[in-house]
Structures are given as structure tokens and as C-alpha cells.
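What follows is a pair of complexes built around chain A, which joins chain B in one and chain C in the other.
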Partner chain A sequence: MSQHSSTYVPKSAFAKWFESRLPIASLVHSSFIAYPVPRNINYFWTFGAILSFMLVSQILTGVFLAMYYTPHASLAFQSVEHIMRDVNFGWLIRYLHANGASMFFVAVYIHIFRGLYYGSYKAPREILWILGVIIYGLMMATAFMGYVLPWGQMSFWGATVITNILAAIPVVGDTIQSLLWGGYSVGNPTLNRFFSIHYLLPFMIVGVVILHVWALHVPGQNNPTGVPIKSSKDALPFTPYATIKDIFATAVFLIFFAWWVFYLPNYLGHADNYVPANPAVTPAHIVPEWYFLPFYAILRAIPDKLGGVIAMFASIAVLAFLPWLDTSKVRSTSYRPLYKQFFWILAADTLLLGWLGAKPPEGWYVIVSQIATAYYFIHFLIILPVLGFIERPLPLPNSILEAVTASKKGGSGIPAGANAEPNSKG
Partner chain B sequence: MAETTTAVAEPTRRDFLFIATGAAAAVGGAALVWPFIQSMTPDAATVAAGAPVEVDLSPIAAGQIVKVFWRGKLIFVRHRTPEEIKAAEDVNVATLRDPQTDASRVKPGHAQWLIVYGNCTHLGCVPLGNQGEYHGWFCPCHGSVFDTSGRVRGGPAPINLPIPPYSFASDTKITIGQEASA
Partner chain C sequence: MMKRTLLIAAAMIGLAAPAFAAGSEAPPMLKWSFSGPFGTFDRAQIQRGFKVYREVCSSCHSLNYIAFRNLAQPGGPEFSEAQVKALAAEYKIQDGPNDAGDMFERPGRPADHFPAPFPNENAAAAANGGKAPPDLSLMAKARTYERGFPWFILDVFRQYAENGPDYLHAVLTGYHEAPAGFQVPTGGHYNAYFPGNIIAMPKPLSDGQVEYPKDESGKPQAPETVDQYSRDVTAFLMWTAEPHLEARKRLGFQAMLFLIVLSGLLYFTKKKVWAKADEASA
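After this line comes the complex of A and B, so read on.
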């Protein structure tokens, strides 16, 4: 690996002067220019860059929205309508922010399932993975509080339902609920503090993302074979190879993002949120945003209030223990014929839970929710640990280079120059 | 180096100062957290706005449910019909999830008036009046069913709709937020 890390040499006198005082240029050089990336990573590895882009996009659009938004129970709804109708390009900035949240979750779910498929959580990347779970938790808290801010019917009742969920926690539940409310029910103090925390959390996410990237750059990136980089022929320098690929993938993702913003800006929201909050009337059908639906289905599947709350939090917390629940030493699912089937069953199970979360909790929906919830936990707590012992994995390639050249045999898929001199640009 | 460290066995004045400084910093830090946590609890204006409210019952016809607010919380004031009272009283209490007699949920001599919090005890939605199997309330969110005494009879709600503190100022006026004994 170190063969790639050609060191940064400051050229100008100013660069030398700066480098000896703050060596940030050499840090950027070693982390994002000369940094060796596995030569076989596919487009699923571009979602880290896409997520970084989305985080910056959400913070920027959010800062501009905050210039016009008023966090007061009697003014918030109007201020959002003011942004939509009167503020120049306010509609665009708000639609970018609201749909950006959904796009953020689209990207993070692909990112998470990439990690699940290629075993990116396994040693030596456990801390990296756990930091990712923490980021995901912060994202969910941020998204929830952001959805409350327009103070529409879904905002108000979503806040009521979620804060009532927390009240189910034994001993401290009522205290937590009272501290979130700042009153005797969801009201103006609640809206005020949700705005404050909604503005704070993204910067905490930035902090954890920095740790996440740091933890990534210690062991280096995983790759579709799961076999680590063994020689310089297995790797390419981050710039230009990964940089250009990330930029291209981000551009494609932006087209997808723009399609929602310009053609279906309200499709992912709920019409009820264009009705001002009314504590006397509940919308006929309270449904969270799509990205929370699987967890909402788990919450409702358990016929006991506290049990449902525990199951919902456990379904996220179980991810943090994944590095130790998966007993197989083989990272990539490409070499795990049995796990591959269970992986896709889990993916289908999660989608099923998401679909059930949007359905009313009655009749056979409840029973299917219970089965799907049970399977979710069985996958992580029983199937994964057992599979490592009984599965016979396929033979792993000796190196990334071998895997790449074997699959491309007879073709000329690899640029000749890259094959011979992977670090010529370094 | 080994020689010098083995000699230090007795606690020194420096050790004492080190621990005392650390302890003072820890206590000071914890004390400083207190006002910040307290600032998040209901403020004086919110508490003041939570004073008892009076509700005039005279315009509420039999069979009608009126929604009032106290401390930002929705409260149902229900003028029950004789049939509704009878239905509530005829229930075998032992079969209930949260066993309570109807008499314990109303004030003596005022059985026609049921005063309950208007948020479902499951997750806080507003149940719809005069609906559901027992014609009490039905919650559209997750399907909880309440009877004409506001007791949970089905669905995920764990307990009955709670009774707020209230008292009868006269036969046609109640004070919500204040018990008669006070």
C-alpha cells in the first residue's frame, strides 16, 4: 500500500511556509490524491461521495431556509408558505431540502446494503461500521425533527406519536418526554427546541463523518472480492480514478434528485402536511416518511406498547453488533452461496416491512408484520451466526488483480496503461 | 527510572491536590449541567397558562361531546345519555384490560358527565367520538376502541383514557385542573 503514497512535496515558498505550520495540504494529498483504492471497486462504492455531497447540500439549503423560517407555533406554517410563495426561488430551496432528505436516505440505504453485501463491517472495519450506525441514528433524529418544523398536521401528529413512543421507556420516559415538550403537550416550546436541535445535529453528523472517513482510511476500502490489497498492482491512486468516478456517479444521482425536485416535489410527502397543525383533529391516517416505514411496521407489529418500542430500537441497534453476529470470515457475499440467498431474503423482508408500515394496522397486515419482524431478528440473531459455521464458501481469489484479470480474460476491459503502471499518475 | 518510581509509595500532597482539583471540577461541571436541563422543563409562562379552566356545561346537550383544552391537552366533555351510562355500568369489570368501574370514573351524582383526556393512550392520536364497537371512541390511527366510560376495550392502547383533575363548581359548571378536596 505504501508504494502508492507518494508524498506531498510543497513547491512554492509559500506552500513550504504553510506546510511547516499546518500540514493540511499533505493530509489532503495522502488521503484523497495518492490514497490507494482497490482497482475493482464498483459503482456501489461511490455512495460515500454521494452522501457527503447530500450532507453539504442539506446544510446549505437548510441555512438559506432558516433565513426565512420562523420557529413559532403560530407563525411556522405561514413562514413556510411565505418561503414557497414569496421568497425568490424559495420553492426551489425548500423542495431541494425536503426531497434532499429523501435522497439522503435513498443513498444511505444503498450504502448500508452495499456494506451488508460485501461484508464491509467485518474486521478490521468494525469501528468504521459502528460510526456509520451512529450517523444513521443522527440522520433519523435530524429528519424527524425537520419534518416537524413546517407545523402542519403530519408535523404535529408525527411529533405527538414519536414523543409518546419515548414516554413508554420505563423510569425515565416521562422525564424525557417532558424535556422534549417543554410543556404539558407538544406545543410552541417543542417546536422551538426541535428547530434548535435540527440545526445542531447536521454539524454533529459532519463530525462523525470525519471520524467515519478517518476510520475508513486506516484499513482502506473493502472491495467486491473482500480480499485486501496485497500489492501495488491491486490498487489505483484515488485521484483521478476514484475522484472522477465519484463525480460522475454524483452527477447521475443529481439527475435522479432533480427529477423528484422538478417533477414530483410533493410525491414523497403527505398532503395532510399542507393543513396547519390542529391539536383537536388527528389526520385519518398517520404515516411517517417512507424512510421510517420498516421501523414503524416493527413498532406496530408488537401488540404491547413498550415491547413495540423496544423492538423498534433493537432493530437499529442490532446493526451495531453485526461485526460479531456474522461468524463467517469471508467478507464478500459473492463467495458465500448460502448467505447470498439469505441476504436477498432480508432485503425483500425489509421492503415488505416498509410496505406494511404504510398500511393500516388491521387484519392480516398485522400478522404479516409480525412474521416479517420475527424474520428480521431471526436473520441477524440466528441465521447469521449459524451460517458462518455451516456454510462452505467458494474459493477466494489470491488477489484483487487475479480476480479482475480472470473475469476479464479474453477481453480488454482494463486500460493497458493502468494494468502496467497503476501508479504512474501518483 | 524503576528506582525512582518504587520509592513513591506514600500519597503525597500533590496527589491530594490532584484528586481534590479533579473532584471539584467534576462537581462544578455537574452543577453547571443542572440549570441547562432545568431550562428545558416547562417555563413559568407555560406553567401559568396551565392554571385551572372553567367549562360551562349548560349548552352541552345529551349525547354531545365537546372538546376543550387544558395545558395544551385535549379533553373530551361528554354528556352521556341514560343508555350510554347503563352500557358503561353493565360491564363486567373483571373482563377489562384496565379494570375500573364506571362509578370510579365520574363524580358522584354527576354520572351523565364523563370528562376524559382526548388523546389515545397508545400514541396520542385523537379518537373519534360515538364510533367503534362500544359507541364510545375509536382511534383511527391504530384501531384502539373505547367504551362510553372511556375505558379501553380493544386495540393497542394499554390503559383507559385518563381522567383529568376536575371538580364541579356548580351543577352546570366544572373547573378542570382543580380537585374538589383542595
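After this line comes the complex of A and C, so read on.
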């Protein structure tokens, strides 16, 4: 996965024999041991490892849940309760899986906003970034279908709302909808195919993640200065430096994860999903999981159904065009005084949209959603392209090493720690 | 400036208004033995709560996910095996078909689930004014109330997960006189905490209705009041909704301790490893 030539030398006779037939040991060595990482990357760069851990955790807990779960409209809810009550540690596996989905999104949002802040999407990392957007899309599809499986009220009505949205797509919408339904409404065939696809997509995510890591290891990691590695002094070998940092960060993330699993296991879900699905009774508020709320707010902000659907998909698709929408040559926001302000406004706007997504679409909420939605697109389509032309960036350090030593001496530069807002004094 | 502040304040009240439009009050937050990181069920309380369920709620509400044997499991009411056996035997359970192809009734066994009060949902609805009384097994997790900003954020830090129990207790004790001018339709009952304030279920509990076990001095173990009945039956329903709550919190503490120590050790390992990198750059 790395262009950097491997320094791996097989020692034993078996290793030599194996290496000449399948050079996997040298591949691992060059990708995860000798691979050079910028010495100044901060803790925001550990989320790739955290996400890999979460993906494996979700697949493992999911495989165990599938051993007991029954994808049938009249048995699914009961089989989940069977897991919760009668299967040894079933409650633990299920809470790990359900909360794990949320943790996966917490990590991916930090990972995405890190990319936005440090300009990780800019050349030569466009393909890496677009693969990331694809993974994010697959994650959303997986999470949505997973939430349907317990077949509670919110599962059923969430599935109904989202599949109805897809019907708004011109020409193919109805076909997509009936293919997903497997009938004329959300029912047992829908649950069956959602289970099947929910089991399939994570392995597709694994495939795209492999491409994502490959595309990362060609240009190498970005870093808080955005200045590329210029000499071997700017970099450190992945192992032990990045490895130990990633393991430490994952352990800390697990504390956060455990807090939800053991103490607030149902906080991130909906009480309504402990009521079995009932097509005859609509819940008072149909609300998606927290990680979909900003997009749900965008969907409902547009008074027209098709318009809402287009806006919702566009709000995600626009990310794929970022490498070309951002006209600034400077990667790191630390050296972009104007963009820095707009970055935080966008972050606040997304949080506001998330809050609005949980509110009923009435009165003030609608107007505020419309303003926030408009701003979201203005940020990407107008502010970002224009800023590159009018902004005067701060002087960049000559090298990563220079930035590191400057910050060590207490002067300016970027602290290498887990600082949320890097020093921008120049 | 003042005028502008007022305008903003007015706009914010406008934003907040829909939250109160539903008209029901926020339930009072009670102290529950099972709240917090070290919470456990109060055995005596959930045994009393079971008595309330059995003598009052069970005439209309099923408890489908609970088997008699669960009552003897660790982390629950922890009745003795003999008590559970005797209790199960008091119920008639339909079984079959037998060798002759007939359904028959037999005394209950610990492995049987609580029999539902009605044979099916339609029968339950027909007997209760058109709407079937919901199953109570998961009720403590299936109901909640809106916390609103900023409480929903603070709840994460203080581990407030008792929204369901607080709401159940509030509804059970929330049968008051309707305020003047409030029209209660026939078949409905005013409840201060039920969303929309009109609940189909008539006031289920009254003082002295359920006899509690007596202590040595002959006094009941706990006050025989609507408030106490509501607390006890709610605690029992929290157990039926989350029978492994105690095991979960116990394991949680061990997992937390382990992860914090592990993170600490990893932190120092990381520091040691990175010291070499810093030497190289200095």
C-alpha cells in the first residue's frame, strides 16, 4: 500500500520462501511499520485508527447478534428481547452494537471535520477524500438499515419515511421504492432485504477502507501545518510512534464508548423503539438517529418534496467536490485567518441543523432551518471558492521540523498535542 | 440596545413555545435506587411492586416477556425457587395439543411466561373502550419525556437515564381534577403528565388498595399510598424492562477501571516512545 520502498528483509528460511511467493509481510512492513508519518500530527489524526477499530467492533458484535436475531416482522422484536434477556451477555453485545453505531459516527464526524480544518482534501489527496465520502455514504445506509432491524415503532416509521423520500426521485424513484419494500408498503420483505443488505454493506465498507488507506499511503498523511514532508527529519516511522499513539487514543475513546454502553445505553436511541412496530399507529414525532439530524433538517427545510430530497443528497454530495471548490492553495486553516472564522460558523451551523432536525417542522423552526440550510450551501458553493482569491494567508513554516522546534521553544507554531484550536499567531 | 435584547428574548420565547404547547407538565425527578453508576434494585421494593402489578395492573396489562422463573433470577426481586414454583402453580396455563389433539389447561411452571389477561389484542381493545392496554414488560424504557436544551446535554454527564421511571410514576400519580374550562371527553381521564392530558386508563391506584407485608411491629413495610405504590410498581417495571441492569452497571465499573488503568499505562508508554523523537528533533 505504500510507494515507499520496503526495508523489510525476511530473516528465516520460511519467511524468504513465503516472501518470494506472496510479499504480504513486506507490504505490512512498508505500510504499518516503516511508513513515514509527519512528526507533528496531533490527536485528531488518531481517528483513522479509532474508526478502523469501530468497524471491526461493529462487524464482530453484528456477527454474534445475527446468530440470535430473526429477520421476520412478527419475530424480530421478540428475538431482540430474547438477546437482551436470555442470551448470555446478549445485552452487552447488543448495547455495544447499537451504541457502537453512534460512536462510529462521533469518530467519523471528528475525522471529517479534521479533514475540513486542515485541508486534507486538497491535492494530491482528492481520491483519498472522495473514497472517504463514499465510506460515509455506505455508513449512513448501513446505520439506517440497522436501525430498522429491531422492528420497533421508530424502526418501522423511520423506514417508511425514508423509503417514501426515495419515491420522489424522478423516473426511477418508484422502482427503487418497490425494490426496497419488496411489496406495496414497508413489511416483512422489507425487513428481510434490509437485514441482508445490512450484513453486506459493512464488508463493502471494509473494501473501500482498504482503498482509502491505500490512497492515503501514496501521498502520505497531511499534518497540522499542511506543509508536506520535505526531509526524513520531518517524519517518524509509523511504528512505534503512530502505533502507540493510536493505541492510546483508542483506549481513551473506549472509555467514552463504555460510558454510553454501561451507563446510558438507551440515551442515544428512542423510547418509541421499545414499542413493537405497528403500521396502524404513527408515533407523535418521527425522528431519525442523532447522526442524521442535520440532513433531516435540510430535507424538511425545503417545502417541495423533490426539492428536499435533492437538497439532502446534495448536502452530502457537495463534500465530494470540495477539492475543487476550495480555491486556496494553503491547506491548514491555522494559516487562513478568514477561513478559520467561516469554518467555525459552518460547525455551528451543522450543530444548529442537527438541533432543528429533532424539532417538529413548524413555526420558527422551519424558517431557521431554511436559513441554516441556505448557509450550509453558501459556505461550500460561494464562500469557499471566493475566499481563496481574497484571503491573505499567514506565512507558512518552511518545514514540519521548523514548526515543531518553534513550538517546543515556546514560540509560534503548531503545538503537537491534542489542541482543538491550533495556535494561529503565526 | 435594550429594545433589541427584548426582541431577541421574544424570538427565543417564540422558539420555545411549541415545547409547552403539548400542555403536559415535566415529571418530577425522583430518587431511584437503581440510578447512577452503582445503582441496584431494592429487592423489597420490587417485590412490593410485583404485588401491585399482580393485584392491580395485571387485570388489564400483560407482561409477556417475563417468565415466572425470572422472578428468582439474581438481580431481580429474587424470590426463592420454592416461592416461584408455588406462584406459578396458582396460574392456569393453556398447553397442547396433547396426544389426542386437544388443548388443555395445566398449573403453571416456573418456565412459563405470565399469561396475558386477554386472549388477543382485539379482545383487549374490545374490553377497554377500543384501545388495548399496552404490554408492560418494556414500559419503563418505552416511555420518556422531553428534556430540552441544555438538560439533555447535562444528563450525559450526570447519567440521568430514569426518564422512563420518572414519567411512569408521574402518570400514575397525575390523576387530578381537570383545570376549570378543560373539557374531558367521555371515556377519557384528566392526567397532568400524560401528553395531551387525556388518558384512557382510569385512575388505577388508590390509598390502601394493596396490602404490603408487615414488619415485626405489625406496621406495613412501606406506606400504603398511591405515591408509594407508584414508586414500587415503577421500580418493578424498570426491572422487567432491564433485567440485567445490575450486572450491566457492575461490569461497567470493572470495564471503566480497566480502561482507565490501561489508558494511563499506554499514556506513559507513549510518552516514553515519543521522548526519543523529541531528542532527535532538539
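Simple rule for what comes next: the second predicted complex is superposed on the first by the 403 of 426 C-alpha atoms of A that agree within 3 Å, B and C clash if a C-alpha of one lies under 4 Å from a C-alpha of the other, contacts with A are read in each partner's own complex, and residues count from 1 in each chain.
In the analysis below, a contact is a pair of C-beta atoms (placed from the backbone, for glycine too) under 8 Å apart; a residue touches a chain by one contact, two chains touch by 3 or more.
Since this is a predicted model, take the numbers as computed values, not measurements.
In the superposition on chain A, contact is made by A:284 with both chain B and chain C.
In the superposition on chain A, contact of A:72 is made with neither chain B nor chain C. Contacts of A:157 after superposition on the shared chain: chain B is touched, whereas chain C is not. Look at A:362: by the touch rule set out above, it reaches both chain B and chain C.
Taking chain A as the reference, the larger set of touched residues comes from C, when chain B and chain C are compared. By the document's definition of touching, neither partner reaches A:217: not chain B, not chain C.
When both complexes are overlaid on chain A, the residue A:258 reaches chain C alone and has no touch with chain B. Touch criterion not met for A:230: it reaches neither chain B nor chain C. In the superposition on chain A, A:182 contacts chain B only, with no contact to chain C.
Shared contact residues of chain A with chain B and chain C: 284, 360, 362.
The residues of chain A lying in touch with chain C in their complex are 39, 81, 84-85, 91-92, 95, 233, 236, 240-241, 244-245, 247-248, 251-252, 254-255, 258-259, 261-267, 271-272, 274-275, 284, 355, 359-360, 362-365, 368, 401, 404-405, 408.
Contact residues of chain B toward chain A in the complex are 37, 40-43, 46, 50, 67, 69, 71-74, 118-119, 122-126, 140-143, 156, 158. Those residues of chain A lying in contact with chain B across their complex are 157, 160-161, 163-165, 178-179, 181-187, 189, 193, 279-282, 284-286, 300, 303-305, 308, 360-362. Taken together, the chain C residues at the contact with chain A in this complex read 11, 14-15, 17-18, 37, 65, 70, 134, 137-138, 141-144, 149, 155-156, 159, 161, 163-164, 195, 241, 243-244, 247-249, 251-253, 255-256, 259-260, 262-263, 266-267, 269-270, 273-274, 277-278, 280-282.
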